[in-house]
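Sharing a structure with you now.
Chain lettering (A, B, C and D) follows the sequence in which the chains are written, and residue indices restart at 1 in each chain.
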Amino acid sequence: MIIVTKPDATEEQIQHVIDRVNEWGLRTEISRGAVRVVIGVIGPEDLIREKPLAAIPGVESVTPVLKPYKLVAHEFRQTFSQIKVGNAVVGGPEIAIMAGPCSIENREQITSIAQAVKAAGAKILRGGAFKPRTSPYSFQGLGVDGLKLLAEAREVTGLPVITEIMDTKDLEVIEQYADCLQIGARNMQNFSLLKEVGRSKLPVMLKRGMSATIKDLLMSAEYILSEGNFNVMLCERGIRTFETYTRNTLDLNAVPVLKAETHLPVVVDPTHGIGLHDYIPAMAIASVAAGADALMIEVHNSPELAKSDGEQALMPEEFADLVSQVRKVAQAVGREA
Amino acid sequence: MIIVTKPDATEEQIQHVIDRVNEWGLRTEISRGAVRVVIGVIGPEDLIREKPLAAIPGVESVTPVLKPYKLVAHEFRQTFSQIKVGNAVVGGPEIAIMAGPCSIENREQITSIAQAVKAAGAKILRGGAFKPRTSPYSFQGLGVDGLKLLAEAREVTGLPVITEIMDTKDLEVIEQYADCLQIGARNMQNFSLLKEVGRSKLPVMLKRGMSATIKDLLMSAEYILSEGNFNVMLCERGIRTFETYTRNTLDLNAVPVLKAETHLPVVVDPTHGIGLHDYIPAMAIASVAAGADALMIEVHNSPELAKSDGEQALMPEEFADLVSQVRKVAQAVGREA
Amino acid sequence: MIIVTKPDATEEQIQHVIDRVNEWGLRTEISRGAVRVVIGVIGPEDLIREKPLAAIPGVESVTPVLKPYKLVAHEFRQTFSQIKVGNAVVGGPEIAIMAGPCSIENREQITSIAQAVKAAGAKILRGGAFKPRTSPYSFQGLGVDGLKLLAEAREVTGLPVITEIMDTKDLEVIEQYADCLQIGARNMQNFSLLKEVGRSKLPVMLKRGMSATIKDLLMSAEYILSEGNFNVMLCERGIRTFETYTRNTLDLNAVPVLKAETHLPVVVDPTHGIGLHDYIPAMAIASVAAGADALMIEVHNSPELAKSDGEQALMPEEFADLVSQVRKVAQAVGREA
Amino acid sequence: MIIVTKPDATEEQIQHVIDRVNEWGLRTEISRGAVRVVIGVIGPEDLIREKPLAAIPGVESVTPVLKPYKLVAHEFRQTFSQIKVGNAVVGGPEIAIMAGPCSIENREQITSIAQAVKAAGAKILRGGAFKPRTSPYSFQGLGVDGLKLLAEAREVTGLPVITEIMDTKDLEVIEQYADCLQIGARNMQNFSLLKEVGRSKLPVMLKRGMSATIKDLLMSAEYILSEGNFNVMLCERGIRTFETYTRNTLDLNAVPVLKAETHLPVVVDPTHGIGLHDYIPAMAIASVAAGADALMIEVHNSPELAKSDGEQALMPEEFADLVSQVRKVAQAVGREA
């Protein structure tokens, strides 16, 4: 950690900073410039990261030099983690494709979509039972009834299933039916929920919040790992920027950065990421080229009657086309699909 | 709602759009331009807002003309709501000042800060018992023990207290000790939590999420009101932008906009909003000039030893100075403090 | 154009809006809802786009339905434009790769880099003579001397050259030496410069401004085409967001959107876009997968001694590796390189 | 400057970094942690700021500790600069109000608005002759004819005038007619233009770019001062964020930050900043409370017929009301108006 003093900091103030750092168990090295003093803090930065050093009079800036995450860091494992979701693997040589409708609406809908995405090459079935909707007047999902229908679709197709959890009190029931938990973008910093799923035996896919930095995302994942659950996947799903043409700005820059920073697999959700039906295939294959380990794609067999997000769902035949494009690009970058 | 078709939309597609709209119980009016057709939808927009019209082939864009919120709209009440928090009022002629430490740390700390902020003119005491922290390794708050200390500080000073709720399962215990619930920025779209506090008898202060639009904030408030709790205050606390000098970008533009859009009172939190100690007073008085009904300010009696956010806490004497500046500006704009 | 009135708009105000629209040569269609009146404006939207309709009392909102650009629109040409830059073509089946140093520094540097990038497969040589630098104390480029060295490198290699223009007064001299003009992100809305290059015979590559929407970029291109120069390429080079890990956020979403909206070719500059050396290849191939027609890549033979942007330059051998990756992905998406 | 090495940096790489720094004339101090090495660079940071240290193999991060601007820094003058614009002063105890139409349209318009704003208390007249418009099909300003009309309005009212310069080649003619040059947001990083006005004898108001950080703004001002013109005012006029309700996000946080960082006066333009007529007065008085030295407000006597930006112009009587509110708030914060 590097502490820089203000131009008008007194000797007494500088000494006070040094005393505090020493009290907290670290050493200092002092470099005196013409105008400012630079105090280098030597020793385990963890001991001091949370201390309000900038509150000490005479301090101009405090810059950490080390990263605030540990368990999620690539350095921690020195290899890439592979996560098992039922009989599927995320993070191996194969690009794992998760697909299904935004919401589970009824038995016929979820089962037929499940069969269609399986036939096209999907490895995991997605479907929402508890839905986070901006408006209280929108369809809020079928809840536990939806979970049951999802489990039925798994029976029929053999596909493992992923579904969103929105509240700590729903964990027990979701664990009965699902193979993988999803934390949505709006709950990425719902720390109570992160701790709770950190104690689950199911793998977790954590979506990046709309204004979360890459570092924030890693810190939220750190919450889950720090409770003992290391089966975590990170999902880029679009951030908020000034651009209004697209619904969100899918940030593919996050893909190679995450692959360098962490051992956890990286999923991309181009459906929500760009949020415009026609451009989802282009962003899906760009995600694979950028290094994504998996894709999550919304598919519906009757988009114009869908109860949520119909505008951006692919039809089963469009999805099948997309899978074949993904295969070509995956091969071009030395992966499979 | 206005539907615009693509240049290459067929007559069949256009008719299909019209049929769908009619099926859903609304009328259409058609204007044919040289290249596109504009379909105006006449009737209650609510019936159709959630329908995936853009998923219908041939549709280029769909633009709603009405606002998606009802109960929070200024039109709904046609006056400004005043919210009682214990013996204090937010939304009346007086600027209500809420102050206190980021976290409750121990009895001595919370009580002495409570006495200091009361003496300076604060009307409501704030203090966190359940703390949302970016890192799992940071101080997470004293929990229920903190709530008890907060209630003791209320006893001693007579100030009503506000504290943050992070999980639906904590509502019952917090209701025993607090006068007002706070939903933090990171939980602004934790819809389970919004519904739960919507069934509470306590007033709620809802903080704007870091990437929430003004409309998103109003929709989240609508969740609470739609469950029956109309005692809601909205709090601007800084948004995320590209600017890195300040911790967040306090968006004072939201203040006059919210005062026009909704009957709910508007609070500003300049402490988190700008996040830099020296500039908090300037932003606090600017908030009052912009039309804020209340302020929330972090105060600590020993910032450099604080367990959270010490860098940005005002000392009690700095807070007292700020209150006197707020009084002058409040008078200049026809308010009190 | 759709005009919505305020709930309290008077009949007189509504009639005044209608009169104004009629005066300006357009017809109206009126839909009266329970609370608001919707006035549809029928006829050529151009006549009225610039009128301050929202300034008329009683107006709540004004929403255009048509696009504000014409010459750049895909509809205008109904095909994709191919732009010739010397003996290279941008926008054809082949991914055109532009490469070279950030700044031209001396004869040896530019010539040897030119030879290296040509050998690796680049089709166009880039190099800056007039450099837009954030600080007045940074290297500002060699100016006309740089242009001469760039032209020499063209002689030696046969590669056509692209270089940045920053000021209208430099057009004449740059036209003597360059094959293509580049407008940098910081000048994307320097409208004087846009008009000037619109009168040049050279093709122009227009970079997207750091906070420019896709629509803004298209409007700036419209300036150039409206002066008669249709040889324009658009370049995505990263936008400003809240993310601080990457230097900019390369917005690949813009690629498929631009390919749908305009007939102009789309270039991506991953070097500035992500701004971090190690991740440039991943973003380059993702750009090709997303549909880019060309890439611009910074290459330097001695990055740690470069006079500008050395941190992000690829070494010639890294660039050669990248070209071979680009070839594989180009083939996977039905292109060449 | 602080250089941190990668965990896997070799001794040879570390030595190479140290050698480079020494070659460039600075000393190093080395702190070896468990995993990384921290190299503190001692001496004048200027010598090394532009060097691509991050390009050296084994380097993980490079963090400057000093500020990159000098002449604009508050430390440089240790007091606040007051800028004379004709007979007006910006940066003194009085809040200077600049007002006038967006565009100069004709003699009657500019003269009558000039008289109205003078009567209400404005000290400087604004009016655009060269207009930066997003669309090439919009009104582009009257050019030199506009400048002449502006000078006539100065004759009539005695108010000094400010007008925008968009191109280096227009400087000479604008200098003949204006008292102050304005650089618009879109040209904030038009470095050719900055250098040119840096050689002018007229004062310059530099507007913050829509995605410019506070540091970027100060660096652009540094360009002007470094050419010898110290009469520079900085103007906050709204930044681009994800919020779409307001046209821009007026960033009042920049006001107290700039007052601490620089000796240059700070102007706020709430008209463009929030871009919505009804909320301009609230943001204007909030600007004064935040510490602004001056305001720039658009006024038009017939907004609905204005040739540009009529939606956001205040009527003369609305402007007069605003001035009286500004006076009250100015007094409350110890200023005049």
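Annotations for the structure displayed:
The working rule: a residue touches a chain if its C-beta (ideal position, glycine included) is under 8 Å from a C-beta of that chain, and two chains touch if they have at least 3 such contacts.
Just so it is clear, the model here is predicted, and its values are computed rather than measured.
Pairs A-C and B-C differ in how many C-beta pairs touch across them, and the larger number is found at A-C. Of all chains, D has its CA centroid at the greatest distance from the CA centroid of chain A. The geometric centre of chain A is 31 Å away from that of chain C, both derived from CA atoms.
Centroids built from CA atoms put chain C at 38 Å from chain B. For chain B, the set of residues that touch two or more other chains comprises 211, 239-242, 244.
Those residues of chain D whose C-beta lies close enough to touch chain C in the complex are 20, 46, 49-56, 68, 132-139, 166-169, 186-187, 189-193, 195, 209-211, 216, 219, 222-223, 226-227, 239-240, 277, 303-313. Chain C contributes residues 211, 213-215, 239, 241-246, 249-257, 260, 273-274, 276, 278-279, 282-283, 285-291, 325, 328-329, 331-333 to its touches with chain A in the complex. By the touch criterion stated above, chain D contacts chain A in their complex at residues 2, 4, 7, 29, 31, 33-36, 38, 40, 42-44, 61, 63, 65-66, 75, 211, 240-242, 244.
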